[in-house]
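You will see chain A twice below: alongside chain B first, and alongside chain C after that.
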Partner chain A sequence: MVFYEKVSKDLWKFLEVCFSAIYIGIFLGCIALFIKGGNYTISFSTAIKHITYLFYIDRLSLFFIGIVAFNGAINNIYALDYIEEENYDKKILIVMLTNIFILSMILVLLSANVFTFILFWEIMSILSFFLVLWDFKKEENYKASLIYIVMTHIGTAFILLSFIGFYINTKTLDFTNWQNISLNQQWTIWIFLFSVLGFGMKAGFLGLHNWLPKAHPVAPSFVSALMSGLMIKIPIYMFIRYYFYFIKQYPISFGLLILIIGSATMLFGILNASIQNRLKSMLAYSSMENIGIIVVGLGLSMIFKSLNTVYIYSLALAATLFHILNHSLFKSLLFMSAGSVITKTHTQDMSELGGVIKYAPKLSVITLIGILSLVAIPPLNGFISEWLLYQGLLLSLKIKTSYVWIVSPIAASILALTGGIAMLSSVKYFGITFLGKPRKDIKIKSDIGNLSLISTGFLAMACIFTGILPFFVLYFINNIIPVPIYVREFFEIKTPGNFGSIAPFSIGMLIIFALLLNIYINKYISKHSVYYQTWACGQENIPRSAQYSPEGFSQPIKKITSKLYKDKIDIFDAIYSYITKKMLDGLETLKYKVQSGLIQRYILYMALTLILLMWLSKIYG
Partner chain B sequence: MNLNISLSEFVEFMAALSLFFAILQTASHRLDFAIKTYTFQSLALSITMFLSVFYYFDYELIISAVLTLLIKAILIPNVMKKITEKIVEDESVKPFINFTYSILICVFIVIFSFYAMSNTFYSVSSSSMMQKILAIAVAIIFVGIFLMFARKKALIQVIGFLTLENGIILGATSTVKGLPLIVEVGVFFDVFVGAIMAGILIFHIKDTFDSLDTSKLSDLKE
Partner chain C sequence: MDKVIGVLQLVLFVAIAPATKGFIHKLKLNLRGQKGPSIIQPYKDIFKLLKKESIISQDASFISRIAPIIVLLALIVNVCFIPVFSPHTLLSFTGDVIAFIYVFGLSTFFMALYGMDQGSAFGGLGSAREMTIASLAEPTLMMIMFTFSLEYNTSNISEIFIRVHNSSFSVPIAYVFSLLALFFVSMAENARIPFDNPETHLELTMVHEAMILEASGKYLAIFELSSYIKLLLFISIASNIFLPFLYSSNILLNILFYILKVFLFSIPISIVELSIAKFRFFRIPDLLMISFTLAVLGFVLYYA
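After this line comes the complex of A and B, so read on.
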């Protein structure tokens, strides 16, 4: 009995490790299959006619599955610490929910017909809903999860409509038969519209984003890492499938529209991120910004796909894919580190936090790497992908098309503006939270757990690795895009058309050298430097409430952009709250009508089912 | 007048009579009438089973027929009658759907059953009698279910359930020449116990709700 209790107590740990091992296996298998190349189709037929599970493996899906599996493995390791610390009642339940969620993401990426896709897509949505709802006693979580589930299902409805559009044109539901189909103009427009609404709802495009900044902060941190780092990339994967694999030709305006949506999304996301005072809210809005960057790359590549300019299209697609990988790495890292801070301090309000670096120095260094990666500082990975994107945007001016000449410089300047504000909000994030003194009494019981340090540290290493040596990633990306990006051994990346080149390895070495030199000079040579406390304005021993506050930090930008968004009146919030309320009320009344509590009515349902079945068997039998 | 009817036609006729009594139940205003109709329905069923013996030459069916007669035509109606006398002050059945519409719906039920069961055994190449009786059995089942959801009183719902059971037995006899004896005895026992249980339950409903109207049970819902 004691043995049983012991086993059941620690079973969740065993499960976590098992799943982690499974993901590592999947990750290695992905790499092996990718190098081997080729496409595979796997199908399982069921007892029901017309319903088969169909899976399709090619290099694009392998790339995404690799990302999911890598992050999933690390996430499980991190969750070991996090769950132990939070001490949930139902540990096995949350472990299983999370891992089935990850597996369903992998299966969505693999699925190759409508039935399989919708099945796993729904499993993914519903499990993430439950995970958002995990702390269901908090009012905020409850509201966020309701908005999430309603919006995600509206999205699914639009996705189904776009699938129906394909079905009407091809008379088949297999994705494999949708490759390179040419549709007429009208259907292309409809499918485009439905796909933007459907997948955009999940990815968090501007106007469809409302669930994202609500749901991500309230979920357990490792779940936020999964949702933000991986789940919102899956609609992007479907976009790439739609517009680079399925539909052969489409007008240039599609790409322009996507580009504009992307620019607006990233600007909106970062403006909101800069004024957030809660750790995870800031990260959630920053996810929105990064989705914007990804979507700008996607739109650019769509423009040049429809213009048949293959080399720019592949450059922009490479930037998109690279940024998807980067964002999954550093956003997972940041959410995990934020989770560690929150579990230790029991608050995620920046106006209470401060001075985390004093009691968690290792975690602070790791977070700093993630933050620097987020704002695209050179030796780290964010820089490479944004550089590629800038190259794509600037290179597009070589093509003489009036629309692109107008839109792409604007997009580039918005990207630059976004980068600037991202810098500001990251300085705020790191400076206020990790430096200075705590703004409230915060009791730390123990140190940050080793496993969470190892997992976040591993991600930080991955950030540095892909930043300094991006050739390994570019090897995989080059196999997906039609015109490879020229890579000269260790030292240089060249964009197609000899437009620009960069040597990340040399830059990395230079910066590391400069950093070491700086430390050396500060420590041993310079004798005049005096160290003051951070945020103390050069004074000694100021009271902690006199420190620079997060509100003060974001005050200027709040003032400049006060016309753009107001704190109280959020138009999107109003719309979606209204829709959610209406839908849930409707469901409630429907429930009371169907579940009337009358025995007679339940018997009637049974009889109707029986009649329906007999009738169906008569028709199809 | 040609009275030269074959055995199979007579079996069909008895089965149809059973269906007729089932439909007659839906037209009954009063509980004691419904119970009497059930008695006749079970009697017709047992005659059908008894005559099937000479059609299939499967003598185990005799036991089934006798058991049907004993339990369904004598024992259960008596139990029901006693319950009715003991607790029911108001004998009306309280319909959700009134009697005219009930009979009309029964017409559609019968049409649907014959439609649904036509050509069911086409490949088995059995007799046409089997097919018709199966359709009748399905119709009886549906009429039983209809009784259960169209009436408010608990007792008539029990009768509806028993009618449904009769339909199942009839279908079993006609298609697979009766179930194995042990199964059939088990089923009879089940039904009998079910009837007694229903009686006890009805007592309790009466106790707690002061009425046999099951639509009042919806108060139990939160």
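After this line comes the complex of A and C, so read on.
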């Protein structure tokens, strides 16, 4: 009996490790299959006719599945520490929910017909809803999850509409039969509209983003890492499927519109990230910014797909794919490290935090790597993808197309502005939280767990590795895009027409050399150093509240861009709160109508169901 | 031979960086009617500071120790990108304009972190202001770089340098606008009047000085040297890209021309500093907006 209790108490740990092993297996399998190449179709028929599970594997889906599996494996290891620390009541439940969520993401990526896709898409959405709602006693979580579930279902409705558009044109529901179809103008526009609304809702495009900054901060941190690092990339995967695999031709305006949406999303996201005072809210808005960057790449490649300029289209798509990988790595890292800080200090308010670097130096170094990757500093991975994107934007100006000439420079300067403000918000995030002195009486009670250090550290290593040696990632990307990017191993990456070239390995080695030099110089300097209080105009023992506050830090940028904050956020908020309220009220009324408690009604339902079933068996039987 | 020239350029650059600062300062004071310290005063300052011990805050973490050196080394990496008197720089094979801007970001980032590290009220103030200015200046810098890389069909700085010197003045008016924009940006990035006053330690005017207020002794020497190098970086970009004549095949002559051009481009800085006062902080975005507009004008004129 004691044994049984012990086993059931630690069963969740066993499950985590098992799932982790499964994901590592999937990850290695993905790499092997990718190198082997080829497309595979797997189908499972069900008892009902016309409904089969259909899965399709090609290199694009393998790339995404690899990212999901890699992050999933690390996430499970981190969750071991996190769940132990938080000490949830139902440990097995949250483990199972998270892992079925990860598996459903993998299955969505594999799905090759409408039925399979919608099934797993819904499992993914609903499980993430439950995970957001995990701490259901908090008012905030409850509200956030309601907005999330309503918005995600509106999105699903639009996705279904776009599928119907395909169905009407091809008379089939299999994705495999939708490859390279040419649609007439009108249907292309409808499908584009539905796909932007549907997938954009999940990805968090500007105007459709409202659930994102609400749901990500309130979920358990490892779930936020999954949602932010992986889940919001899945609609982007579907975008790539739609516009590079399914639809053969579409007007240039689609790409332009996507490019504009992306620019707006990233600017809005980063401006909001810079004024957030809570750790995970800042990271959530920064996810929105990164989705914007990804979408700019996507839009650019769509423009040149419709212009048939294959080399820019490939370059921009490579930037998109690379940034998807990068964002999944560093955003998972940052959410996990934020989670560690929050579980140890029991606050995620920056105005209370400070000086974490003294209690958790290792975690701070790891976070610093993540932050540097976020602001695209060489030699970390964020830089490579932004460099590819800038090169794409620059090369696009070589093509004499009037609209691109207007939109591309604007997108490039917004990208630069976004990069600048991203640096501001990262300095704020790291500087306020980790540096200085604690602003309130908070201390990290015990050391950060080893497993969370290992998992975040592993992600940090991955960030450095893909930054210094991007050739390994580009090998995979080059097999997906039509015109491979020129890569000389360990030496340089070149963009078409010898326009730009970069040697990430050399820059990386140089900066690592600089860091080593740092140690030696500091050894010398610290011999001649004296330690004393921080200078404060001659006063001694100044209170810690004299430090700069997070509000103060972002006040200049807030004041400069005040017009954006005063009106626009509230509009989105009001609209979606209204929709959510209306929908939930409607459901409530419907519930009372359907479940009226009259016995006659229930008999009617039974009779109707019977008739329906008989009719169905008549047709398909 | 290329590597030797590269090292030579780096050494020359670092060697004349303090003199540039000294020259600007001297000229400014002379125009004001004061005598002023000699041009070699910055060298003396650095050596004096290097001899002194550093006082480190008890609240500081290792960031305070590594940040000054990272700032300096990142700027030196940037120097390796920039052709001083010859296109053969140490990093010409990877001298991409975008890489240049982002390595530059590395130094800004660590400088700002240094300001936040000791829990001082001034440091945070400086960091917040510096990051605000830097983030608003970045689009302009990117736009100028874009204009030149599109004009010369490459994003490699050394290639741009070669092609600038080989081609005739094709779009002079675009040059002028870009130069003006670059002038604004370099004043902003180097914390000079009208964006910041490098000579005072008054809270109202502090941006750069507030961040490094806690630095002393050897660390301060490193910071001072970094700020000299940063200033010269911008002057070099301006002088080498915008004044492509005065360039011959003789290296010694080129070095001489380079130094001449640097001093030539320092003159407007001291004149501007002399003639206008520091702007209120919330008027800085207007100035940066003007510079961005100028950069866009240059960019548009390249097309026309």
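Just so it is clear, the second predicted complex is superposed on the first by the 589 of 621 C-alpha atoms of A that agree within 3 Å, B and C clash if a C-alpha of one lies under 4 Å from a C-alpha of the other, contacts with A are read in each partner's own complex, and residues count from 1 in each chain.
Going forward, contacts are C-beta pairs under 8 Å (C-beta built on N, C-alpha and C of every residue); 3 or more make two chains touch, one makes a residue touch a chain.
The structure presented is a predicted model; accordingly, all values stated were derived computationally and were not measured.
Asks: Overlaying the two complexes on chain A, which is it for chain B and chain C: clash or fit?
Replies: Fit: chain B and chain C sit side by side once superposed on chain A.
Asks: Which partner does A:586 contact after superposing on A: first (chain B), second (chain C), both, neither?
Replies: After superposing on A, A:586 lies clear of both chain B and chain C.
Asks: Thinking of the overlay built on chain A, is A:37 touched by chain B (first), by chain C (second), by both, or by neither?
Replies: After superposition on chain A, A:37 lies in contact with neither partner.
Asks: Hey, is it chain B or chain C that touches more of chain A?
Replies: Touched residues of chain A are more numerous for C.
Asks: Looking at A:383, would you say it contacts chain B, chain C, both, or neither? Reply first, second, both or neither.
Replies: second
Asks: Counting only touches as set out at the top, which of chain B and chain C does A:532 meet: first, second, both, neither?
Replies: second
Asks: For A:482, is the partner it touches chain B (first), chain C (second), both, or none of the two (neither)?
Replies: A:482: touches no partner chain.
Asks: Figure out whether A:559 sits in contact with chain B (first) or chain C (second), or with both, or with neither.
Replies: A:559 contacts chain C only, not chain B.
Asks: Which partner does A:405 contact after superposing on A: first (chain B), second (chain C), both, neither?
Replies: Only chain C is touched by A:405; chain B is not.
Asks: Would you give the minimum C-alpha distance from chain B to chain C, in Å, for the three-chain superposition?
Replies: So the smallest C-alpha gap separating chain B from chain C comes to 57 Å.
Asks: Of all residues in chain C, which touch chain A in the complex?
Replies: By the definition above, chain C touches chain A via 53-63, 65-66, 69-70, 73-74, 77, 91, 93-94, 96, 98-99, 102-103, 105-106, 108-109, 112-113, 115-121, 123-125, 127-129, 131-132, 134-139, 141-143, 146, 149-150, 153-156, 213-214, 217-219, 281-282, 285, 292, 296, 299, 303.
Asks: Enumerate the contact residues on chain A facing chain C in the complex.
Replies: For chain A paired with chain C, touching residues are 354-355, 357-358, 361, 364, 372, 375-378, 383, 386-387, 390-391, 394, 397-398, 405, 409, 412-417, 419-421, 423-424, 426-428, 430-432, 435-437, 492, 497-503, 506-507, 510-511, 514-515, 517-518, 521-522, 525-526, 528-536, 542, 544, 546-548, 552-557, 559-560.
Asks: Name, in rising order, each residue of chain B that touches chain A in their complex.
Replies: 96, 112, 115-116, 138, 142, 145-146, 148-152, 157, 214-215, 217-221
Asks: Give every residue of chain A touching chain B within the complex, in rising order.
Replies: Those in contact with chain B are residues 595-601, 603-604, 606-607, 610-611, 614-615, 617-618.
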